[in-house]
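Next up, some structures in structure tokens.
Same chain, two partners: chain A is paired with chain B first, then with chain C.
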Partner chain A sequence: MREILIEAKSLKKYFQTARGNLHAVDDVDLTIAKGSTLGVVGESGCGKSTLGRTILNLIPATSGEVLFHGKNILDPKEPERQQMRKKMQMIFQDPYASLNPRMSVSEIIADPILVNEPKIPRSEVNERVEKLMATVGLAKRMINAYPHELDGGRRQRIGVARALALNPEFIVCDEPVSALDVSIQAQILNLLMDLQEEHGYTYMFITHDLSVVKHISNEIAVMYLGQCVERAPSDELFEHPLHPYTKALLDAIPVASLKNRNKDRTIIEGEVTSPIDPKPGCRFAARCPYASGRCAGEAIPLKEVAPGHHVACVLHEGTEKEL
Partner chain B sequence: MEEFLTIQDLHVSYHTADETVYAVNGLNLSVKKGETLGLVGETGAGKTTTALSILRLLPFKFGSIDKGSILLDGMDLTKVSEKEMRKIRGDKISMIFQDPMTSLNSTIKIGKQIEEVLKIHRKDLGKKEVIERVDTLLKLVGISLERKEDYPHQLSGGMKQRVVIAIALACEPKLLLADEPTTALDVTIQAQVLNMMRELKNKLNTAMILITHDLGVVAENCDSVAIMYAGEIVESGAVEEIFEGTEHHPYTVGLFGSIPDMSKKTRRLSPINGMMPNPADLPPGCPFWPRCPKAKDICKQQKPNEVRQGSHMIKCHLYQDAKGGEEAGK
Partner chain C sequence: MKEKASKNKYKKRSQIYSVWLRFRRNKMAVAGLILLCILLILAVCAPFIADYEQVIKQDLTQRFIKPGAEHWFGTDAYGRDMFARVVWGARYSLSIGIGAILISLTIGSVIGSIAGFYGGKIDSVIMRIIDVIMAIPGTLMAITIVAALGAGTTKLLIAMSISQIPTFSRVVRSIIMGIREEEYVEAARSYGSRDRRLIMKQIWPNSLGPLIVQASLSMAQAVLTISSLSFIGLGIPAPTPEWGTILSENKTNMRLYPYLCTIPGIAILLSVIAMNLIGDGLRDALDPKLKN
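This part shows the complex of A and B:
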């Protein structure tokens, strides 16, 4: 077993709205081993981005703990908190909105260094910026360019370089490729995977694209309305999906091959229900073809049904007989 | 089956104060009755411009069709008067736009928005008949009649796209242009909407051009495919020829290499290097050569011709030589 780098324990984030509490992240537990990638998938509004931001403490959690190297970074009394936050970075979804249009490429990449390590001489900062640009594949001549001069793929490379500037250990990638064209998307995915191999970064990769998540992840967590409904190693999840939502999600992806044409697929009816003050019980029950009386009433916890494979569904409560 | 829409040698450009952007450069395309054509390409390839040219909705003053013809059932749409064109839009040809969040009028109830099309194009229908037709359309796209009095902001993205589809289908058009109809939707909703579009299309025998960048959507919905790059069709053919054939344009190979294959375990993707050329400053010769792994000297100077083999067309010098030799031998 590899060393665990990040651990979230019953992490909750509720937003207060006029109509009640919006349960964006509700009781999520997860662990990520050092040097591996956890993929988080789900549809829009399921709380995957909020989860990523809460783990980095970019937005304060309602309750719960996030342990980084075994120390709770959400605890304001933790003395090493500031130091640890430098080791945790984020790559944002939209390379058009996440870069300051009034800063040049070198200023954007140097910014985290200047803020966190102000004593470093300027010449060394410049050296590091140049090195970072080379790492992410940006030509040196762009050093004084502004974001608007560059296309989406290059802008996202700046976002990656900025995240790497402080030599982090853990990076949350929030849909880093969904705003990009497929050929550019593949370039960025290759870059992220090469960097992981070279430097041993740990990723939490948030996406709605299941083929991307399978490609890059060691383990996958499926989220639905703020809860993690299934968590399993990547191959296991795609070969033996257990939760009805995971099955429907996998079935809904269009595959670029003619084999599945005219295949009968289970298409789930309806749409995501409101995340505001949800009733206890399974949140997917309203759309689930297998829903029964047992699904309502009380919270359904994640259970380990096979080594490493966790699922929260009444269908899979009786551990062995189901498999 | 007969050709229903034929586009020949279409050239479209946009003019700005300091440059001319060549968005579509000599595009040839044909769609048969009841057929679904997938038009695939990356951002800026000219897919949407092609659709807008068919409807003659290019931005006034900036966009212009410079050359070529668009024949719909024998009528050249590039020559039709604007008055005539207004009758065709929404009736014979209709379009589903990419973003359902912005393509509906946010201040009009959805029932009224569907009515509007019928009031313009079906003047013979009485008030009662119009309302009946709106109800049937809503049922057709799976929206309960109680939502008729709702405004767009009260509906979810998937439901808004259903309303847009209802509007597009209101007059039972002969040709439907769907511009990335599901890109803004979640996968499970995308599956619902695509399924519904497929059923309705078969029911009404509508021809459709499905514009998308998602090869998965193409594989599951289209009969034929056209791959577009820098304003040209670089490869086209039946869906089997594109997905299972062995001869391809290097750009098509690159596109397929860029998507992670769910059935295989490859650690690295094989993307296309570089970026799409600037359409205001296209390279001479084949537009793909600066990114092409197989580029030869001739690619830099001369535009390749279309090489056809049955319904399969490839526009690349790689195949030109072999074909040329063959033809010379005959």
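This part shows the complex of A and C:
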């Protein structure tokens, strides 16, 4: 087992709304080993992005801890918090919205350096910007271009370069390819994987696209309504999904094969239950074909059912393995 | 050598230059700009065109001379050369107009930025105060302030500035509230930018476009208001040649000598049109997403 770089402990983020507390992230535990990638999947509104932002302390957590190198970065009393925070960066979803239209490529990439190390000489900043552009595969002639002059893939490369500017160890990628064309998605994914191989970055990769997550992740966490319902190594999850929700998700991946065109798919009925003040128990129960009386009433914790494979479902408690 | 060449090759085209390229294509806006430039040059060069003595010195033997070779715009009831008065009038009308806008723009931007960026209670308190000021119409507000302070150039400037501050704070606040939620602002925050830097580097440059447009349109409004105030005797007192003052002085003789009121009227009209045309042109030119 590799060294654990980042660990979230019972992390919670509730938003106060007029109708009650919205449980965006509810009691999530996760660990990411150094140099590996945790994929976080789930449908829209399940709290994936909020989880990423809470881990980076971009939005204050309601409760819980985020340990980075064993130090709680959510604790304002932690003396190394600022230093630690620099080692954690983020790549944003929409490369059209996440780049300031009034700043040139070099200004955008240089800004994190200027903010955090204001004393270094201009020539060194320029040198680092050029190096970063080369790293992410941006031609030198674009150094003074403005974002609107570039296509989506190049824009996202700027976003990646900006995230790398402070030599981070941990990067939260919030759906970095979902706004891009499929051909460009592959370029950016390969870039991220190459960078990881070369520099040993640790990623938390948030996405709703299962084919993307399989490609890039070592481990996958499936989220439903703010909770992590299943967590397993990537191959294990795709081969032996245990939670009914994960099964339904995997079943929904389109397969380009004529043989499968009449295949029956498990379609999840109903709608996502409200995330505002949810009742204790399994939040998927209302839509689950296997739901029983045991699903309601009390919280269902994540349990390790196989090495590294955790699931929160009454069907897999103890020795029961009939499914 | 090689190093130098490569630097020049990717020379940055400044944003101001590309704004100019787009502005240039709007013929009406360019016409407005040329017009305003002529007026400004006249205003700046007024002392070289006519002595101030000539502007206020009365000579009753020279009354009501029609526009012609000697007096381009004729003379008024006191025998003063109208051309000299109108040119000197540009100095007053335009400088107070521009000055008032610059002052209210600066103060309004700071107030609006604070309210828009921080939101919440700070925003509520500031905006309720602004609402109270806004409840009084701008011109009435200016009249009240002038009435309290007395007439005079500086006092008019103060009155005009104060009456424009609420408009600018509102505009800036709404622009900033929109930009504050942009993902690039969150991105800048995510790598540790502090509030001041966020406002200066990320938010202000993006709010500048609508703000400049608002400023150029308000400037036209300000020139009008200054002239109106002077016309009703609350602005710059006679014999100082402000356009509104000139109009007011000559209104009794308008029937017999219509040029006395037409010429300063046209001067006001031209400057207002010029500023409006420039404002409209800038609105289009300042959008960085439009192609060159």
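Here, the second predicted complex is superposed on the first by the 317 of 323 C-alpha atoms of A that agree within 3 Å, B and C clash if a C-alpha of one lies under 4 Å from a C-alpha of the other, contacts with A are read in each partner's own complex, and residues count from 1 in each chain.
By our rule, a residue touches a chain if its C-beta (ideal position, glycine included) is under 8 Å from a C-beta of that chain, and two chains touch if they have at least 3 such contacts.
The structure displayed is predicted, hence computed values, not measured ones.
Model built by superposing both complexes on chain A: chain B and chain C fit together without a clash. In the superposition on chain A, A:Phe238 contacts chain B only, with no contact to chain C.
With both structures placed on the common chain, the touch criterion links A:Arg265 to chain B but leaves chain C unconnected. Judged by the touch definition given at the top, the superposed model places A:Ala312 against neither chain B nor chain C.
In the superposition on chain A, contact of A:Ile220 is made with neither chain B nor chain C.
In the superposed model, A:Leu11 makes contact with neither chain B nor chain C. In the superposition on chain A, contact of A:Ala248 is made with chain B only, not with chain C. Judged by the touch definition given at the top, the superposed model places A:Arg85 against chain C, while chain B stays out of reach. For the pair chain B and chain C, the minimum alpha-carbon spacing after aligning on chain A is 9 Å. Common to the chain B-facing and chain C-facing surfaces of chain A is no residue whatsoever. Against chain B, the residues of chain A that register as touching in their complex are 43-44, 151, 153, 181-187, 189-190, 193, 208, 210-212, 214-215, 238, 248-249, 251-258, 260-261, 265, 267-269, 271.
Residues of chain B touching chain A in their complex: 42-43, 156, 158-159, 186-192, 194-195, 213-220, 239-240, 243-244, 254-263, 266-273, 275. The residues of chain A lying in touch with chain C in their complex are 56, 58, 82, 85-86, 89-90, 92-94, 97-104, 111-112, 115-116, 140-144, 146, 148, 159, 162, 165-166.
Within the complex formed with chain A, the chain C residues making contact are 6, 9-13, 15, 182-184, 186-194, 197, 201-202, 205-206, 288-289.
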